[in-house]
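The next part holds the structures, each set out as structure tokens.
Next come two complexes, and both contain chain A; in the first it sits with chain B, in the second with chain C.
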Partner chain A sequence: MSDGRQEQPDPARRRLSRRHLLLGGAAAGIGAAGAVALDLAVKAGAAAPARTAEPMVSGSDTVPFFGAHQAGVDTAPQAHASFVALVLRDGVDRAGLRRMMRILTDDAARLTQGDAALADSEPELAVVPARLTVTFGFGAALVARAAGTAPGWLKPLPAFTVDRLEPAWTGGDLLLQIAADDPMTIAHATRMLLKDVRSFASVHWVQPGFRRSAGSEKPGTTMRNLFGQVDGTANPVVGTDDFSALVWGPADNPAWLTGGTGFVLRRISMDLDKWDKLDRSGRESAVGRTLATGAPLTGTREKDVPDFAATTALGFPVIPEYSHLRRARSEDRSQRIHRRGYNYDDTPTGTAVSNSGLLFVSFQADVDAQFVPIQQRLDTLDLLNQWITPIGSAVFAIPPGCAADGFIGDTLL
Partner chain B sequence: MSDGRQEQPDPARRRLSRRHLLLGGAAAGIGAAGAVALDLAVKAGAAAPARTAEPMVSGSDTVPFFGAHQAGVDTAPQAHASFVALVLRDGVDRAGLRRMMRILTDDAARLTQGDAALADSEPELAVVPARLTVTFGFGAALVARAAGTAPGWLKPLPAFTVDRLEPAWTGGDLLLQIAADDPMTIAHATRMLLKDVRSFASVHWVQPGFRRSAGSEKPGTTMRNLFGQVDGTANPVVGTDDFSALVWGPADNPAWLTGGTGFVLRRISMDLDKWDKLDRSGRESAVGRTLATGAPLTGTREKDVPDFAATTALGFPVIPEYSHLRRARSEDRSQRIHRRGYNYDDTPTGTAVSNSGLLFVSFQADVDAQFVPIQQRLDTLDLLNQWITPIGSAVFAIPPGCAADGFIGDTLL
Partner chain C sequence: MKITSTPTRLVVAAAALLLTLSGCAGTAETPAPAADTTPEGSSLTMTDAWVKAADSGMSGAFGLLENSGAEDVTVTSAGSPAAPMLELHETVANDAGDMIMQKKEDGFVIPAGGSIELAPGGNHIMFMGLAAPLAAGDDVTVTLNLSDGSSFVFTAPVKDYTGANETYEGGNAK
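Let's turn to the complex of A and B:
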């Protein structure tokens, strides 16, 4: 699935094959010989299980849980995600945190492989993993309770002039990022994990988001946000040294965070009604990209490198100075991030016909060195600021992955 | 797609094939000859377009909009649905209703076929229909404004003792049921349609729901609710005379509703925390079915006919008198409904770890004759009532479908 993730033990693989049979999936209708062949194919590390023509069943696809890094960072984004922030209860000390993370790790590992949680009250809902990943993040207060050293960037982001942060969407001590291609899988996993954590922490906020469904588009298609923009083109490529350096470091982080990364979530309200009043060329100028393909205004394909020097016949830059593309881009290649955001679309209130926006999510080894300079440039001058407002903000440290006999956070706790 | 639905005009079919090519779907990588073959296959009414092995792209699948009946009733349930109730603005008269329904019909027809709405501000978001259906329902107030005759059942349901109805989830003048296999498709379609209707009506409630994602399970698998129960087994089979009689009638409905049906939505809060305290056999007794397969306690397979006469060695009924299955089932075969519900899972508040339930949705030609007796039996005695509470309720008349030159509601307006 990703380099750096350790091999899944064989029993899990055998369960996977059995589950394929149970769900009537890839192996449906084939005999024992075929099942063995599938098992071998899975063991050989084939990217995806072979499929028969019909029915296509992908609910049994799994992402390994254990490994050097947590899953859900370099994992190809699932269709749905729920971001849950918890606040620790008074009196939960280092030993309590250790118990909490052991329990959470154990159940997350089970659920991501399509197995019931240890005390699963609805085990029938656990049989469709649908690429479930559970990614844990630690806030500054949790690290302090653990008597650990926090990285310098593990604190609220500097205040930006565009911010209109609401406390209800801001901060938190413990993050659960629960993502899967199936919303039912997320509902069940979220409930099981929140039950685990109930005596240690209470829910501060829950932010569900979505992208296109798995199978709606060609895999690897860059997502569009609800403005219709192609969003996230400049991401580093998973599996490259570039990705690894930007996301996993090295960075000036405490030792317990080696193999981990930094997480930023910004809840960005998008004023679709106001956006509606802008014509197509106005929208493209604001973004610096075409709406049809996401190509920079100086290019024809999404991934074309923008030519900021190009000028129009009248001598104006083709990609305006105030465009989002230009403001987000730095000359310094280390000032980059890995984006993994989701759209949200909540119930409108009053006369509005939408309550929509983007759960901007980025991973970077050093939030201060990578994310903050980008946001500062956007804060100073970005035409898009006329239509978007950050209303929530949170920063978490994503600890490394763990071995099958360890638990997430065991380098800190 | 369904019997009774008229043939889709050829231009739409050609668009479908082109879209398959654009999305890199079924036709990806095949030449003109293959595209023609696909086109012919689609014209021949093949159930689903042929798929190549990888990548599997289903976002271009469409459900015909025009026909004798509205889509979204006998359509195989999509993974996601949003139910929107609107309240008419003062002064919107019959002519205004006609204008509103013409505009809504036109855009719904476009969007369901993967085309942009007439004044689509984000046409790039319209290219993935993902089996989008838009189904319109009329409340009593709308029929009155149209100076039409309402069916006798088009009114609030009788009060049930279990009800704890909240006005925020109850009633409404116009219903939009927007369903698709892709949440992004629903977000875009909902916004386009709410913009259409803005000057005629305001939003009363929005209730999003979900099932398993398309592709997660074998097609045709009965959904499970968040209690883990197999839910909806007893539905009539789409395409049979039985289905047609139960859903489309004949019934004692006004002439404008011929080809239409009745719609009930009950927002049923499910107390998962309390349900947790019940052991597995207690749960199975409450439901009258096994949790593992959904089979009645007297059977082994989901669709087995329950044997209410069967008794245990001690002489007690195997399927208890108070079980949901027994209470929901009538000796009178005409007292049946077509269920098409969705789960909901909203953000918990306070100390709760979930705010979850079922959007119970049923279609039936005569709500009073078919739905009400079932609910009355459940109201009197159903052990499940200990864990579920209806907190919202709405009844709408679903007018028939329309021809390509008509509009939904043209038999009334």
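Let's turn to the complex of A and C:
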């Protein structure tokens, strides 16, 4: 074809040409102009998802896959996510884990960029990446199979009195966090990844979650949970040294985890029927924030610093001692986490009309030093405990990202 | 990791080796532009190659073969350490209307500046009598022998795949 082809072969361009071949070019939803824009972006350089002209839709937006850190941690949360925990099959050894992670990495690297995976039997479903990220996490059993050193916190969380953990939502050896702004994209990516992992592991649990749809509200808006509360206001700001220290460390982690982080998922059932019995002021007291804006009860804007010393005319604290806000907050600034949760809304059972809750997800370099003290304070006293119940729990180590010639987990495997 | 095939310019058909599991390394050699002396193998690239996992018996290799040269390239045969016999297959309808695989006796012709897609249900490279199980995540090396005596080597990862089950009608079947 072109003369340029005789110079340095460019796999990305060739893959794109394959996509044209497979999908008949413009017919596939990305459109010829979009494909040209992608082609230009590929020529211009690897990292930036620089789109030039085109799309009136956001489905072609991509998040870079390769890098020092895995995507899906500091990525602005997508509208949808599915968390999948797998249990390794007997006999999958270190070499098997290596083969598994090579295949899964290749799938993720392609799918996140809007390319079909190898042997993808529905390649047309791959062309709308919609900011797809696939983030892998390793459980203690996987690290043990790899004969690696696990960080001290890679184990079940200490038992909390509020816990009513169900085995079906707890634990796992390998985590896939599959997130995108389009649930169709997640369905296809999940199917593809699980097809490729099934000779190595079996599905233990799948937990889909959602936020507001992409474009529904201003980017960066703190999500609300199904109690209507603004949820996650205290997050560190991505891109700051504060965020980096809290999420990536330094922490007392084994060397293979450098550039990685710790992951906690708590499936928190929320009793919406019981919550319905609480009036608005009671709801605001329980959390210590207003429902309208998420501002602390001593402030007017969401990000206002709470004034825990402020008292009412009667001399009671404006932000009650039992409130979630006060209990979650520590004087120790290192006891903070990066939250990236999602809501769930499952089919009710029996006579109930709701089966809803929060997939509490947090990233922190050291789970024991950062997450556990917060949860211990909430366990001891948090009025919200009357309406919420943790029913699932899992901890994973998120290995660092990889280079284009590596694979996720190559520092361990 | 993006698993990429590793095209290697080989004039003599070297014994292909199973690469180690780290093997997605290696950059393509830049084909020499000289006209008359350019072996066919240096005009080929293989993209998105993969091989179907199998415990024993038969398997297949797939991907996009492209020819950047000014002359057509003909693949006459294929070899791999993974199996003692590889055949170039096409999928066609038999007299009963069923889709069957059969050996493509005249080989695969990749037109100048063009490509052929090797895919389940279409043209593909058939492995027969696997030497050992092909497990997902393994790498398989395949050597394509070309009509001018040169060859082209690519490496492909093994993937679980439940399709590619066309009926095979071998030389003895008809």
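Note that the second predicted complex is superposed on the first by the 358 of 413 C-alpha atoms of A that agree within 3 Å, B and C clash if a C-alpha of one lies under 4 Å from a C-alpha of the other, contacts with A are read in each partner's own complex, and residues count from 1 in each chain.
Criterion: a contact is a pair of C-beta atoms (placed from the backbone, for glycine too) under 8 Å apart; a residue touches a chain by one contact, two chains touch by 3 or more.
Only a predicted model underlies this, so the values are computations on that prediction, with no experimental measurement involved.
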Which of chain B and chain C A:F407 touches, first, second, both or neither: second
Partner chain(s) touched by A:S121 [first = chain B, second = chain C, both, neither]: both
Touched partner set for A:K274, first chain B, second chain C, both or neither: neither
Which superposed partner A:R333 touches (first chain B, second chain C, both, neither): neither
Touching partner for A:S213 - first (chain B), second (chain C), both, neither: first
Chain B versus chain C, judged by how many residues of chain A each one touches: B
Partner chain(s) touched by A:R198 [first = chain B, second = chain C, both, neither]: both
Touching partner for A:R110 - first (chain B), second (chain C), both, neither: second
Partner chain in contact with A:G59 - chain B first, chain C second, else both or neither: first
Which superposed partner A:M100 touches (first chain B, second chain C, both, neither): second
On chain A, positions contacted by chain B and by chain C: 121, 195, 198
Footprint of chain A on chain B - complex, ascending: 23-25, 28, 48, 51, 53-59, 79-80, 121-125, 128, 130, 181-185, 187-188, 190-191, 194-195, 198, 202-203, 205-206, 210-219, 224, 226-228, 272, 275-276, 291-292, 343, 345, 347-348, 351, 353-354, 356
Residue numbers on chain C that touch chain A, as the complex places them: 1-4, 7, 21, 24-25, 28, 30-31, 33, 45, 47-50, 52-53, 62, 64, 66, 68, 113, 115, 117, 135-138, 157, 159-161, 163
Residue ranges of chain A touching chain C (in the complex, touch as defined): 1, 5-9, 11, 14-15, 17-18, 21-22, 95-96, 98-100, 102-103, 105-106, 109-110, 118-119, 121, 195-196, 198-200, 402, 404-407, 410
